[in-house]
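Chain naming follows the written order as A, B, C, D and E, and within any one chain the residues start at number 1.
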Amino acid sequence: MEQYTLATQLVQYLIAGLTIGSIYAMVAIGFNIIYNVTEIINFAQGEFVMLGGLIMATLCHWLGVPFFLVLPLAMLAVTGIGVMLDRLAIRPVRQPTVMTLIMATIAASILLKGAAMLLWGKDPYDVAAFSGRVPIMFLGASIQPQNLWVMGILGVVVAVLTHFFGNTIVGKAMIACADNPSAARLVGINVRRMVLLSFALSAGIGALAGIVITPLSLMDYDRGAMLAVKGFGALILGGLGSFPGAVLGGLLLGGIESFGAGLVSSAYKDVFALVFLLLVLFIKPSGLLRSGAVAKMKRF
Amino acid sequence: MKKISRKGLLILAAGLAAFPWLAKVVPGLGSYPEVMIYAGIYSLITMGLSVLVGFAGQISLGHAAFFGIGAYASAVGTATYNLDPWLCLILGALLSLLVALAIGVPTLKLKGHYLAMATLAFGIIVFIIFNEEVDITGGPDGLSRIPGLSLFGLKLNTTMSYFYFVWTVVLLVFWFCANLLESRIGRAFRAVHGSEVAAMAMGINISSHKVQAFVLSAVLASLAGSLYVHYINFINPSTCNLFFSVKLIIMIVMGGTHSLWGAILGAVLITFLSNVWLHAFQEWEVLIYGAVLLIIVIFLPDGLAGLPEKIKGWAGRGQPGKAS
Amino acid sequence: MSQMILEVKGLTKRFGGLMALTEVEFGVQAGVVKSVIGPNGAGKTTMFNLITGIFPPTEGSINFRGQSLHGLAPHRIASLGISRTFQTVELFGDMSVLENVMVGQHCRSRGSLLAAGLRLPSVRRTEKAITDKAMELLEFVGLAEHAGEPAASLPLGDQKVLEIARGLATEPGLICLDEPAGGLNEQETQELSRLIRAILGRGVTVLLVEHDMPLVMGISDEIVVLNFGQKIAEGTPRQIQQDPTVIAAYLGEEEDDA
Amino acid sequence: MLEVRDLHVYYGAVHALKGVSLEVPQGGIVTLVGANGAGKSTLLKAIAGLLPARQGSIRLEGQEISSRGAEGIVAKGLCLVPEGRQVFGTLKVIDNLNLGAFLLRGGKHQAKRQELLDYVYDLFPILEERQNQYAGTLSGGQQQMLAIGRALMANPRILVLDEPSMGLAPLVVREILKVLGALNQKGLTILLVEQNARAALKVASYGYVLETGGMAAQGEAKALLSDQNILKAYLGG
Amino acid sequence: MTGRTGRRLWLGCVLTFLALSWVLPSLALAAEPYKLGAVFSVTGNGSMLGDPEKKTVEMMVEKINSSGGINGVPLKVIVYDDESDATKCALAVKKLMTEDKVLAVIGPSLSGLSLAVVPLAEANEIPLISCAASYKIVLDEKTGKPYKWVFKTPQSDSLAVEAIFAHMKKKGIKKIAIMTATDGFGQSGRQELVRIAGLKDSGIEIVADEKYGPKDTDLTAQLTKIKGLNPQAIINWSIGPVQVVALRNAKDLGIKTPFYQSHGFGNRNNIQLAAGAAEGVLVPLGACNIDEILPANHPQKAVTGEYAKMYKAKFNEPLSSFGGHGWDGLMLAVNALKTAGPDRSKIRDALEQTKNFVGQHGVFNMSPADHNGLTPESFSMVVVKGNDWAMAD
């Protein structure tokens, strides 16, 4: 075997960490969109990721057309499921406290997982890598084109969301709903429609995360919960409600897991990430990029 | 809160005493006392969680860890070190108490989703330790052949004896929690939930009371863990994983967080749903389970304990003369 | 008579860049009603929050019965003998009227969690004493017949009065009332005024924040006026009513009024 | 223009409004005064559709609006400037104003939006100066101007204001009331709820006095101003 | 107003489910069949094992009954899903033993759960044929003898480890890296790997011992570390998709050392999923996975070929090695029933005396000292070649 230096290994850990971290970040972003409009943590967010991967795999298999034609279809399908989630699980709740709404999302995630198991069975599914599997060598480390796709798509998601929330009137209207729902209604914003939109948007982003990670790690019906937990961790680490926080939190968690597994102990890699999270919270109870004052304004 | 009816407790006790005999006679209920043992064990945890979540207004997504600490303390103590099961039970409870203090003091300063994540993280960390410390815990395969309990020389190794034993403990804990909730400490818990600033202004040390509620619920979960292993004679890490923590929260929400009765009802409901009632659906079980939970959340946001009020409401709606 | 129960010196509070209070100074003599008035946002509630320890002051000192409150947690300050009510009612909504008042007795009673759960005789005695005291206070404020009802079901006026009863249950030396007449009608306000006098009769000093001028002018021994976080006047009701700065800032100018 | 008849509103179990009636004529400026907690804000919230009415009617230009919901009522031309300003603090001034014209979004209304924006900047030049500042960093008076400006961006025919002078320095209050007067002159109908009753009655043509859920008095603003009893009871002598 | 349409939709859903629940449990029963019980992890973490086991058992019961049952008596197997959960497993086994009054129990799928229910079999005196690998299931460590009522069908992990190490010796491999999942399957494999490598004459040195979560989606970090330590071969021990992830990551990192997988890899689906990354992977497999490449004179050729054909025809999915454990469990019980009749203790005795029973994973020869009855020959080293199994040289 050729020389494999520590420096090269470190680069390799970094790439692995950034890749998985990008997925955590995308899950966290999905959480954030819904949280910002409703204060709910949607625990079915991980199921969106799972469904994105599985639907993509199935569509690719059926249609046999290039991925970029299937991708919007798969995202659209999951977006539809996100809309249904709002209509069938969130809006009908009679006394919408944060606790009951979160419980509704947990119930919905159990339901979605069960449905996915019936539809797809328990076997994993694969999607072809977007642009082949010929590794790119960088400082001796090997990078899959798909790794770059994952990071690139996170970049695109962040850019598009930044534009959406920063420059479009509907995006601002969503922020306004989060900022002050009753004032938002007073300027004619239909808050309920914005909530629906937030579910659709975060379902779409979740689906995208699932689609882009499947070529690397496969996808099966049982992935959702763990991704949701990691994404939730990333979100809290970065600071609830903050988009830069979600990205930072995701990449940090991914990085700690990867370096922890490689340099210290692979069995305890999740412990390192979680202990880090706890320490951050003990020192800064509102996450890395969230000021305490803003966090206090929210009930949850 | 309405005073806990002592009469209700007596009726419950009588019903429970008759239950195994009834189950023998009624066809199809033969396995119910067995399932009720587990429901009873879970009730111990959910009552503690009810005090913590429903009354003191905090959240924990990590209580499976305390169940596990109790269970492993009993398992390791008896199977590996041949200690007395009762001693192990107490040691487990003490260990849980200390861990709950250590983790509770910094963690309960957090609020809402942050608290949820921190307790979740704690639960996962403890789970990983159970899974990885193979020399002590047996790793993922767990520990088996854990001895049972005996009381006054009487071996508690039959369904009947353990059923009565567990539910006696449940009733005692119920009585304890009910007393507590009606005392100054219970009022302080509820005050912290109602308004932290007002509670502070009334001279209530809110962090101390949050921690007390947390510790109480941790000790009860630990007790439940001990009772669990001494009955099933086995423990493995996946018994106390993250999903068990979530399941406990599902139990109290389904039962109704604002009531000890709800805690028991929720534990019984979920235990029977996932161990008996939904088996007929086979592969569809998970799907139906999710649907049932969703339906309860949507139509009974106060859980089963809110059902009597609901029925009264439905009955009332039919009557004329109400302002429209 | 002239003993100061509360002394506030150089009290300053900054929230970020906003000066909520700037160098406020005043004293409250034991056994009087002292009122703090000023427009909304003048810093009155912030001052209450500083006195009761909800936030630490940025600068300045607060002494209660000669003891500095610096760095004390709110529950410690409450047990030293400062109680309060809230501008927006902060009752424990799903507890009964009686239980709300019983919570007030928390810092005047003892008993561990274990003892409470086991319902030891000592606990029963304590509970009895707490209940008796709470009932006595409910009778004092005139809410005894509502003792068993959920606090949230009371009309606003009674909720305000209940807050006062709850505050008195901590057996304070000083009670800070934050707009107790807000939302009360004239008759209720008059009853409130009688209640405040009765509170004085129990030996409790009253610090009052209020907009209702007839009440303030009628009951106060002394008034402090705040505007934009600064003290602009202090004196007897008569002095305040005639103070031109106060009129300009708060009472409203009457330049072209008859 | 706006007509409220026998309105009953509940806040949870609390019967907050017990049969309130009120009228705002086209082009008029009507004020509603009363003590804290008398139900002024509740009434305005019910009119704006934030609270459901249990009983009674709210008509805007003869059309029943009580079941339309807040968004629908804005579309009908009634805008509420809420108590405590409630600007979107995490958004910039210009975004707040643009959101005010949320119902006029899209290219079709581009010209109208620009016209409204110019109009608002004309009224409150300070907002143009600060347009790229976050609304949360504005002073109280500027926030109040922004709140009014935001409401005007919806091109309302009737503007409802809940305590615009709350917590503001007298000078600022006077400026805002002056603007309201000017708006009214240009034909905007105004319903004004005020704590600072004396000032409010001075700009208004007609006044109502609300007392714990019911109307205690009403009349020409001038008459109310000179009624010593009312002044004593509600305005503190 | 709030979500009225949503609630109406819900009502529709509820009614549909209620209607379904009436239709589903409408199974007619034949008179007085032999009753066996089975508990498998059909869902949950162990579903990779339990799902094919359940399918296999149900398929075989159908076949037995359609060809006249056992000695003319129909066979009924009550199958419960323990959802990979200890409490559910214990409840299910207890119900089978006390309520359903079965003659013998097949399963559970997982070692941990099997260990949990061993005392129940002993206490209720009912034969239990576990489908999990751990030797502790059948061996009472206190007495050093097998439990009276408990049997198991899979080869112990030690047999798989020995097969791999023997192959390594042949290839001159000494320094190896192991990577194992932190679930029961992976950890009992790890224990055996470490134990046997630690024996004096093993000639194997473990230079890297990496672990990962059974649901992990990326093993680049572990493999990077392994690559840096330069082992001569890598052994991975897990079940489910993570095995494929390991292969893909290894290929992506340009790791070219020989790669061994555990017998958990025994499913052609894994080869497809690896998308080329499985080429050259070495696996110890039981006969049932490789029926096509077995020599014509192999004793199991006929039995495995028939099973594979039936399974593929019925379920339209590749066979996994775990289904074979279910087959062995059921057919061992049926075999015993044939001679012993419906009597628990006679069935037990018959099981213990099983000789030359040709199963999917080997030829079983039970004895009072061995309640598994398999030898190292039950594993063959197989290599992936051209997207299919081939006998390794």
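Basically, contacts are C-beta pairs under 8 Å (C-beta built on N, C-alpha and C of every residue); 3 or more make two chains touch, one makes a residue touch a chain.
Here the structure is a predicted model, which means the values were calculated and not measured.
Enquirer: Can you check which chain pair, B-E or A-D, has more C-beta pairs in contact?
Expert: Comparing B-E with A-D, the pair joined by more C-beta contacts is B-E.
Enquirer: What chain is the most remote from subunit C, judged by the mean position of CA atoms in each chain?
Expert: Here the answer is chain E, farthest from subunit C.
Enquirer: By CA centroid distance, what chain is farthest from subunit B?
Expert: For subunit B, the chain whose C-alpha mean is farthest off is D.
Enquirer: Using CA atom averages as chain centres, what separation in Å is found between subunit C and subunit E?
Expert: 72
Enquirer: Hey, how far is the Cα centre of subunit A from the one of subunit B, in Å?
Expert: Whole-Å distance between the two chain centres: 32.
Enquirer: How far is the middle of subunit A from the middle of subunit E, if each middle is the mean of its Cα atoms, in Å?
Expert: 34
Enquirer: At least two partner chains per residue is the criterion; list those residues in subunit A.
Expert: Each of 88, 92-94, 117, 267, 270 in subunit A touches at least two other chains.
Enquirer: Please output the residue numbers of subunit E that touch at least 2 other chains, ranges allowed.
Expert: 7, 10, 43, 182, 211, in rising order.
Enquirer: Two or more other chains in contact with one residue: find those residues in subunit B.
Expert: Residues 128, 132, 283, 285-286, 288, 291, 298.
Enquirer: Using the touch rule from the top, collect the residues of subunit A that touch subunit B in their complex.
Expert: Interface residues on the subunit A side: 35, 41, 88-89, 92-95, 97-100, 103-104, 106-115, 117-118, 225, 229, 232-233, 236, 240, 267-268, 270-271, 274-275, 277-278, 281-282, 285-287, 298-300.
Enquirer: Tell me, which parts of subunit E touch subunit A in their complex?
Expert: Interface residues on subunit E, with respect to subunit A: 2-3, 5-7, 9-10, 43, 47-48, 51, 179, 182, 210-213, 215, 217-218, 220-222, 224-225, 227-228, 230, 240-241, 244-245, 248, 251-254, 256-257, 269, 272-273, 275, 317.
Enquirer: Taking the complex as given, what residues does subunit E use to touch subunit B?
Expert: Contact set of subunit E toward subunit B: 7, 10, 13-14, 17, 21, 24-25, 42-43, 45, 80-81, 84-88, 90-91, 94-95, 98-99, 111-113, 115-116, 118-119, 134, 136, 182-184, 186-188, 191, 211.
Enquirer: Which bits of subunit C are touching subunit B when the two form their complex?
Expert: Contact set of subunit C toward subunit B: 52-54, 73-75, 78-79, 83-84, 86, 90-95, 99, 102-109, 111-113, 116-119, 123, 126-127, 130, 166-167, 169-170.
Enquirer: Residue numbers of subunit B touching subunit A in their complex, please.
Expert: So the residues of subunit B touching subunit A come out as 106-107, 109-114, 116-118, 120-122, 124-125, 128-129, 132, 242-243, 246, 249-250, 253, 257, 283-291, 293-294, 297-299, 301-302.
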